[in-house]
Every structure is written in structure tokens, then in C-alpha cells.
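First the structure, in the form of C-alpha cells, and then the observations on it.
Naming follows writing order (A, B, C, D and E), and every chain is counted from residue 1.
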């Protein structure tokens, strides 16, 4: 190798730069082409996933619309010149009678292992939850991931009164605000309850303000 | 009671001294043959100045000091030189030795040849006289005494330490010397102080010898600053560096000598021998040896002509018992195991320990479990566990980087090891290999 | 503040970059045979991770906002040139530091921990400060894992390891054991 | 460099110089995404695609790429293919793409790919380079599948999601967690070593570690 | 080594007293796992020194009584193979093999490993599904599950009185219930020189100190030092696991650092971590640090780096 190096003719700098630039342009072009062709599918899938999640936690509303949190208020459409991308948002679902049935709120906080990302439906009038779905978690398989997979645990959030209170599993209380925690996965269960309560603390005043301004 | 002076770490082996500590020193009768090794001391071996067939008298010089770090060898009995041949040496090798056929006992009358009036001599002349008497350290290393007494100009010695610890188990020769001849010890100290031109001496004695402390305290001179200090019973209290740590409270720098902290250490047997030499006018031709251990029938403290064969010494003590396991020259901790009964004593031989089966610690070696007992034992704070593992991997250079050369092979780690790993043997091997390779490196 | 601290601890021990995200395995398996080397490698990593985090944030915020599909390609180009520039700057400013870190810097370019940090940081939408804490935590976690591994391997070099297990086998088992032990940190600071 | 046959070029990477099990390259994906056969397969295929694509391109363009900027160019080419693979997976199999997460993007820094470009594709004709890439890629897929099957079988009692031991099987959860990745690869490598050792003629048992003789001779 | 086994006898006895035949079965299974693996893999190299038995016994003592026997066996086998044999056998390992086995089981079967028996109808009845088929899940009736004092505190804010903690009449693993007997066994071993007293001493001291400080700050939220000392596996871990000579530092100073580190980690994991108990993880983490601690706490060699005090 060293011998080969020494006889290699000096390559002018402009060639190096041209090569790199050319390679960069070609690479960029290729990526843009693939991006153009895959982007619609990806976006459609993402939108579909979001639609499913929102529909699930709002118990299949007729339709829903996106609300943006902008300068401490909920707005339905972003004012001119403001990027909608970076804004936090929540979703309001409407029933057949065009009445708001509830808000779908997404939230994320640390769980047992890493961040737990979830979405839940909230009926602002009744102050109750409509449903909860974990979107992303790395909780212990077979134990902590029951917050996602255990139907009994998940179903407790349907109609639960807020704020939620976690109790030890198997107590069998009728209090609608009490969530039976999963045996052996207390931390994960508590994390879900905490995430929802914290998210409600943030969102309820916004929702109330929006209702009041109507 | 004020706590006794000591050093840190070390071990507490049972001392086994009761067999001989109360038995007065007796003189053994002359053997039929003595074997005088030319390599009696640390440093360059003496140069031969007689030839086979010559008749020599007790105290005649048979080999001259060859250079500064060397010491003459004297005939220890009157007799005829039979041969110069290779003979087993206590260190395990074979080396040049004179065989002397000993004449009948009536011929063994000593003829004084030294000037006993040391007070009239200058320090320089006194040191020359000490060299001519063939005096070496009798603690075991046998380093020529006159070399120790001549420090380089820039090293000032202000204190003489006398090592009366005798911390090796079994050995009692030093103990008997202190009890039987305390005045000789004081005399020897006086001579040494004169040679050094100083006035301060400290005697350290392990507190298991209260009679020795008593005896030496009773004979302290009025005109000199000599003090006696009982020390904690702990091995290796008698190692130079440990003794200095205990008495003076400072550490000899790594790779340095006691003179670096202004101290000279002399063993009690050497001090007594100096007095003996200047009283009798005879050079160093005999010394006291503790012959003890469960494997010897009549344990004793014997005055033995240097060069007496092990077989003869043991015979003088009633011979061996049936269950002998191991014979060691020196103490059981640092001594050299002997395989041949024909090996002769040398100037450094102060003890012959014959271990019976029950006493020997040679056990089956188990894997190291990193218990750390060796770290707690090592008086110079090495990590024998790690060094041992490195030694098994033969990674000598890394061992040197971890201060292996400061190891004095005291054997504390081997003693403390519950798995009977021969750590100090491994370190001795490593040190030898390193020395060899450094010599090779210089040659290349 | 608590959240920032959690990000740091999470990247460092709970979801240690090397032991639970498998990032930076190359130096972990390759360089980690001497503790001194591991420490320097770790220091170099903390340094580059921190700078990368800042650069990635700037890229995301000001350059790639319109073309996120070019993210990967620009990250890798930026990281590669960044390491080169850092190398040159250190060489100029502090030859001592360069001697200590120098040979590790080129290795870092192909270290997946760096690119991994930039991607994770983007996916999680961390801001500048959060990204910084994330980077420092990740760097500390890498260093911790490297040093632990190096000291254990130094130790096991003297052990009579069976022929089959020498080298990679043992290293992987040790890594697995470390990873098991780090599971003890799960849920740290998030149990409230 | 020794001349190799076509067959050697193809087969080398599959077993004898398996990138993961023998050369220990690309460990990051081999450990991170092999908690199920499905993920392992997807990762393997994506890497295979990137490897073949970049080998093809690099060996085609090798004359045009100046030596000084070759590494940067390779990385650029690899990153392009990875981006393409990333977007394709996201469009075609979004669930798997979500499970693999950032590790798709991290194919860029898989030393195996860059290594093949530098060591082989940049010096050989297109056909050979492609053969080599196919061999190495298949070897990578095999290793990932081995890991994936072992971990999914023990950790979930299933293969490709099909339960094998019935519902009362107690899964070894640890196997799909990070420690299980290390242990599974460690066990695989130990097992391989053990098999090789049994095949090889028994070597002399050594009391002292090797190298002692050298030291003494030196 | 056998004296360690002997000193464990009262602890084993107590576990059988409290948990009935299940305890004995679990201990036998874990020992069998460890010993069979040692014999099987190491073959003739296996030592008859009882270290395999110790590994098995210690592992068994950290398991809940109702665990299926095949899991106990697997834990013993894993700990022995990956915790010890792969490093070259006795004296060479880095992690405590019993704890590695236990950590593996905990990660593999989190449910089975955290299912504690509340009480049983008679001494003779089994405390769980010990005889579950190999690789199959245990059938655990809900009524059987109880909780450990630490679990009660962490998840429900309930304390447990000191008397039950000392005597051991609480839920928990086989060997982690009776603090007094463990302390006695430890004292016996320390007197015989088989364990370094500095390690348990420093663990107890650091746990007591940290827990005490936190308790002073907020007595409601943080439990007191006595509860921290006598609950969970702290006693067993501090006396029998952390003191494993092979996996603890060699120097005295190192042992203090090691113990203090374990104590601090225990408090951190118990109070701020996600798990109710952290003794096992703390010891394993500090095991990993031991080679580093040994490096750093190497004492100053006699006569080197002499300060101004010299000469």
C-alpha cells in the first residue's frame, strides 16, 4: 500500500472538491427522488395511525379536528406566518350532534425504563376519561408492558374520574377515580397515572378557557 | 502501659522458642573435617592464599579479601588442607570450598593475633582491624562489617541501632547472647561507636525476651547515650527497615540504605562477636548456632566452628528424630531449606531448624481467592496477590514497575496465604530473573 | 431541573449508551483493555458528543427544518468534518491534550455513539440544553462502561480463562453481566 | 494481494469470515435489533441492500474517486443508500420501521460496510465486488437470524411470532432485553469456539501462558 | 470453605422453619444447578472445596420459596457457568456467581421472582408451585401472594415493626427474613477470619448514615435507618454476599470504599429507584468496580513517595 501511495500522482485540489460536490449533489438528488416517491405513503400511514389512536381514545367520534396550543390558548387554525410544525396540539372530537364529546391529549414522561408516550381521551364536561392508549414504551416485557397490553388495566381508564388515584391491584373498590395497579409493575402503572394527571393539569385550564370564550 | 514501638503490617507466627531459650550456650567438640567456603559473605568471594597440603592453624588467613566489598576467611580449626573442590553451599548452589582435615583437640590452642587495645586506634585503623578479623553481619545476609562502617562522605550517621529482636521463630542464639553476656554486647557497642565517632545507640528487643531487656538495662554504660527499647512481638521486627521504622519512626527510602536516614543497624550477634574478637584477639572463626525444632532430639545453642558440616552439628545435638520433614538454615520464615547433610555452616548461619511433619507448613497449593491477607501482612505495603499473579504469567517487567525490588523476601505473604501459594519463592524467582536480564541488558 | 437531571442519569446509567443501547461497542470491545486508554477514550468521547449535540441542534433548527430527509447525510458529513476540525484545533491550542486524545479522535468518527446521539436527540425533540445534558450523560455513561470493562479485563488477563472464552467470549459475558447489574438503576428518579 | 476464485469471494463472508461471529463487525445492530426474528430479518435485509448497493457503486466509480477523499465519498454513498432504505422501510413496513427505530440510520456507521468498500470493492471489478458483498451480506443476515431465533425462542417461546411451546411457556424475558443480547452473542461465540476446539487437534495443555518462551529467548 | 457452609446452616434452618418444605426444595435445586454445572463443564477441574455448594446455597437463599424448582436450578447453572467457570473457576471471577444467577432470574422471570407467599395453611404445605414443569409457568393462586416489608413501604407507604423484622416473621426471600441469625453467622465467620468485617461494617454504617440523614430531613417520605438495615436482603447481602473474598477488594481501604459504595447504592436504589430492593444490584455494581478500586486504593509502598516527614 505504501509503495502505491508514493507513486500516486498528486491530485489537484479542485478535483477533490468537484468530486465531493458531485457526489453530494448526486446523493442529494437520489434521496430527494426517493423521498418524493415514499413521502405520501409515509404521511398517509402516520395520519392513519394518529386517526386510529384518536378515534380509539375518543370512542369513535363522528369527526375530530386538531387544536394548536399557541401562546397559551387553543386555536383551531394557525395564524399567518407561524409554523404549525413545532406547536403542541390536542384533538377535539365531535359526536353526531356536532357537540364536542372530548379531547384527545398526547403526553410523554419517564416510565420505569424510558419515556412512555401515550394518548388519552378526556371528557371535559364530565371530568372523566374516555380511554387511554400507550403509543410508545420500553417497559419490561411481560411486566411493565402490561400498561399497553393488559386489556383489564387499559379498560379501567374508560370512564375513570379525574384526577386518577392508583391503588394496589385486587382491592376491588368501586370508586371510579381509582385505577388498580398491575401487580409487580407498580412503577409503570403509576407512571401512566402520573403522566395523565400531569397532562390534565396542563390542558384542563386551556380547555376551560376555550369553553369559556365560546 | 505505653504501647510498644513497632511497624505496620507483618505477621504473628508462633515463636516456638521455648525449646532452647533457657538452655545456656555450650561449645561443641571439634569435628573431624571442616569445609570452608570461599564465598562466606555478601560481595566478592575471598581470594585463596593457601594450597592443598598446607597445614593451617586456627585463625590463620586462608583467603584474602578481594576488593573493598569483600572479607577474608580464616582457618577455623588447626589442620591440613586436603583439597579445594566444589561443595554444596547452604544457598543451594555448589561452590569452591577448602576441605580441612582437623587435628587432635590438643592442637587447637588459639594464638592471638590481633591488637586488643582498640582504644588506642583511630577510627580508620579500627575499621581496618575489623576487616582483617573477617567480621561480617551475623544476622544472615553476612554483609562485611567494615563496609557498613565506612559510609560515603555525604552520608552522616548519627545513631547506631542494635537489632536484638530475633523475630524469626525458633531461633534463640541472640537471646542467649544478651542474657549470658550483656557486658560483651555493651563492649561491642562501645567499639562500634568509637569506629563511627558517634555516641548514640539504641537497642531494640522484642518484648518476649524480658530477661534480655533486664540484663542489657543493668549494664548500660554511663558515659554513652545507649538506650534499650522493648518492641512489639511481630515478624519481621528485626528487618532493618522495620526496626528503623519502629525505633526512629521514619522510612528508609525505596532502594535506599539505612545510612540514608543517618542510621547504622547491627545485629546483636555481630556486636557480641566484635567484642569477642577484640577480647580474644582471634578473628571470626566460630559462632553460636541455635539447633532446634521438633525434628532434633536435643535442641541446643551451640558454639560451632564455621564450616562444620550439618551432619556433625546434628550429631552433637543427639541426631534427628523419625518424623523430620524439612531442615532449614536460618529461621523458618526466610531460611534456606537444605537437601544435603554434608552442607557446611557459613558465617551467616545462626540457626539450624529441623521441622517435624507437624511443624512444616508445606501444604497443597490452592487457587488464590483474593482474600487480601497477604496485603495485610506485607510490611512494605506491596500487593503480593497481584504480584503473584503477574509472576505466574512471568510478567517480570510489570512486577518491577510495582516495586518488586523493594521486596525483602521476608515471607510474610507466604505465611499469611491461606491457599499456601509460595509467594515469596515466586518473588525470589522474579528478582533473580530481573537481575539476570538487567545484567544482560548492560552487557548488550 | 429534575427533568434535565433525569435525562443525564437516564443516558448515563438507566439506559446506558453502551450497555443497553449498544452504541459505542467498537471502542468498548476493542480499546477497553487498559484503564488509562479507556479514560482518555471516554474523555475524547464526552468532548465530541457535547460538540456534536450542539451542532446537531443548530442543524435541525436552522438548516434541516425544511428538508428533514437530508438529516442522516448531513449529520454524518458534519460529524466527520467536525472531528477533523476539532483535531486540528486541539493540535494548535494544546499539544498536550492532543497527545492524550489525538489518536482516539479519528476512531470516533465511525463510532456509532456520536451519530446515535444526534439521531436520538432529534427523535426525542430535545432542545439545546436538554441535548447538552443528554450528551454529557451519554459521554459519562460511555466512559463508565469503558473504564469498568477495561479494569475487569486487566484483571482477567491474569486469570486462567478457558481457551474457548479468551477474548471476545469473555468480553461479551462481562458486558452482559454489567448490563444485568445496570438494570438495578431502572426507574431511577421516575418512581415518584 | 492473493488472487481468489469467484466461489471464494462469495462464500468467504458467509461462514469462514462471517462479519459478526468471526470478525466481530457490526455488533451494534447484531445486538440491538435481534430481539425477534422479524426485526433481525428486516435489519439484515436493509444492511444487505446498503452493502450491495454501495459495493456496486464504489467498484463502478473506483477510477473516478481520488484516493484522498475516498473515505468521505464512501460514507456519502453509504449514507445515501441508508436514507433510501430508511424511507422505503418506513413506507412499506412501518411497524417494523418503528421497532428498529434509529438503528436503521445507524447502518451508516456499521464498520462492516465501510470495511468491505475499503478492503475489496475499491480494488476489484464490479462482478467480484458484488459477489463479495452478497456473501458478506448473507453472512450478516445468517448471524442476525441466529441471534434473533435464539433470543425470540427463549425470550418469547416463538419463532417469527408463531408460538412453539404452547401458552403456558414461561418466557425468559431477559433474552429480549439488552443483557440477553450480550449473553446470546457470548454464548454463540463460546459454542462456535468450542466446536472448533473439538475439531482441531488437541493442543498441548500449557501450565504457563504463551509468550513466556519468547520472553526468555529475547 | 466448608466453614462458610457451616455458618450458613442456621440461616438455612431458619428459612426452613419459616417457609416449610418449599425452602428445602428450592435450596436443593439451586445447589444442584450450581454443582452439576461445575462438574459438567469443568469436569475434573471442579474442586471439592464446597465453593459450588456455597454458590448454590446463597442463590437459594435469595429466592422466594414459591419459585418453580426448574428456575432455581437454572439460576444456579447460569451463575456457575457465566459467573465463574467462564472466568477460569474459583478465585478468578469478577461478579458474585450467586448474585449473577439471581440477577439473571430476576430479569428473566420478573413475576415469579417477585411473588411472595403470605402465609400457608400448615407448615407442610408448599408455598407456591414448586413443581411447575420445566420451562412452564407456575400456577400461582392469587391468595398466596403477600408482600415484603420494602415493597409495602415503597408502594403503599406502610412500615413494618422492628420486632418482626428482627425475628423474621415477614414476607420475603428464604434467607432475608431473620436478621439476627445472619448477624450471628457473620460474627462467627469474622471471628474465624473468613470474612473481612470492614465490608459489612462499612455497608451498615453508610446505609444507617444516609438513611438517617434522609429520615431527619423528611420522616414521612423516607424510612428510618433501623428499618433500612433490617429489611430486605441487606443483612444477607452485607454478611454473606458482599464479603465474598474473590469479588471484593484486597486492601483494607478498598474494603471500606467498596462497602460504603454498596450502602450508598442500596439507599439510592431503594429510595429513588424503581425497585423496592437494590442490594443485589448494588453488590453486583460494586463487584464490577472492584478491579478499579484495587488499582486506586493500592497502599503507598514502604519508602516510596516520602513526604516532608522523611529524614
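Rule of thumb we're sticking to: a residue touches a chain if its C-beta (ideal position, glycine included) is under 8 Å from a C-beta of that chain, and two chains touch if they have at least 3 such contacts.
Note that the structure is predicted; figures quoted are calculated from it, not measured.
Trainee: Quick one: which chains contact subunit A and subunit E both?
Mentor: Under the touch definition, subunit A and subunit E have C, D as mutual neighbours.
Trainee: Suppose chain centres are the mean of their C-alpha atoms. Which chain sits farthest from subunit B?
Mentor: Farthest chain from subunit B, going by C-alpha centroids: A.
Trainee: When A-D is set beside D-E, which has more C-beta pairs in contact?
Mentor: Most contacts of the two pairs: A-D.
Trainee: Express in whole angstrom the distance between the two chain centres, defined as the mean CA positions of subunit B and subunit D.
Mentor: Between these chains, centre-to-centre, one finds 67 Å.
Trainee: Which integer distance in Å separates the CA centroid of subunit C from that of subunit D?
Mentor: 21
Trainee: Taking the mean of the C-alpha atoms as each chain's centre, how many Å separate subunit B from subunit E?
Mentor: Each chain reduced to its C-alpha mean, subunit B and subunit E end up 51 Å apart.
Trainee: Where the centres are mean C-alpha positions, what is the separation of subunit A from subunit C, in Å?
Mentor: Result: the chain centres lie 28 Å from each other.
Trainee: Which parts of subunit E, given as residue numbers and ranges, touch two or more other chains?
Mentor: Each of 82, 86, 89, 92, 104, 107, 110, 154, 274, 294 in subunit E touches at least two other chains.
Trainee: So which bits of subunit D are touching at least two other chains?
Mentor: Where subunit D meets two or more other chains at a single residue, that happens at 72, 76, 79-80, 83, 87, 173-174, 177, 179-180, 183, 186, 190.
Trainee: So which stretches of subunit A touch two or more other chains?
Mentor: In subunit A, 24, 27, 31, 35, 39, 112, 140, 142-143, 187 touch at least two other chains.
Trainee: Report the residues of subunit D in contact with subunit E in the complex, numbered from low to high.
Mentor: 165, 168-170, 172-175, 177, 179-180, 183, 186, 190
Trainee: Report the residues of subunit C in contact with subunit D in the complex, numbered from low to high.
Mentor: Residue list for subunit C touching subunit D: 19-23, 25-26, 29, 69-70, 72-73, 76-77, 80, 110-112, 115-116, 119-120, 123, 163-165, 168-173, 175-177, 179-180, 183.
Trainee: Can you check the complex and tell me which residues of subunit C touch subunit A?
Mentor: Within the complex, subunit C touches subunit A at residues 6, 10, 14-15, 65, 69-70, 73, 77, 124, 186-187, 189-192.
Trainee: Could you list, by residue number, the parts of subunit C that touch subunit E in their complex?
Mentor: 35, 147-148, 151-152, 154-156, 159-162, 165, 169-170, 173-174, 176-178, 180-191
Trainee: Using the touch rule from the top, collect the residues of subunit E that touch subunit D in their complex.
Mentor: 68, 71, 82, 86, 104, 107-110, 112, 132, 135-138
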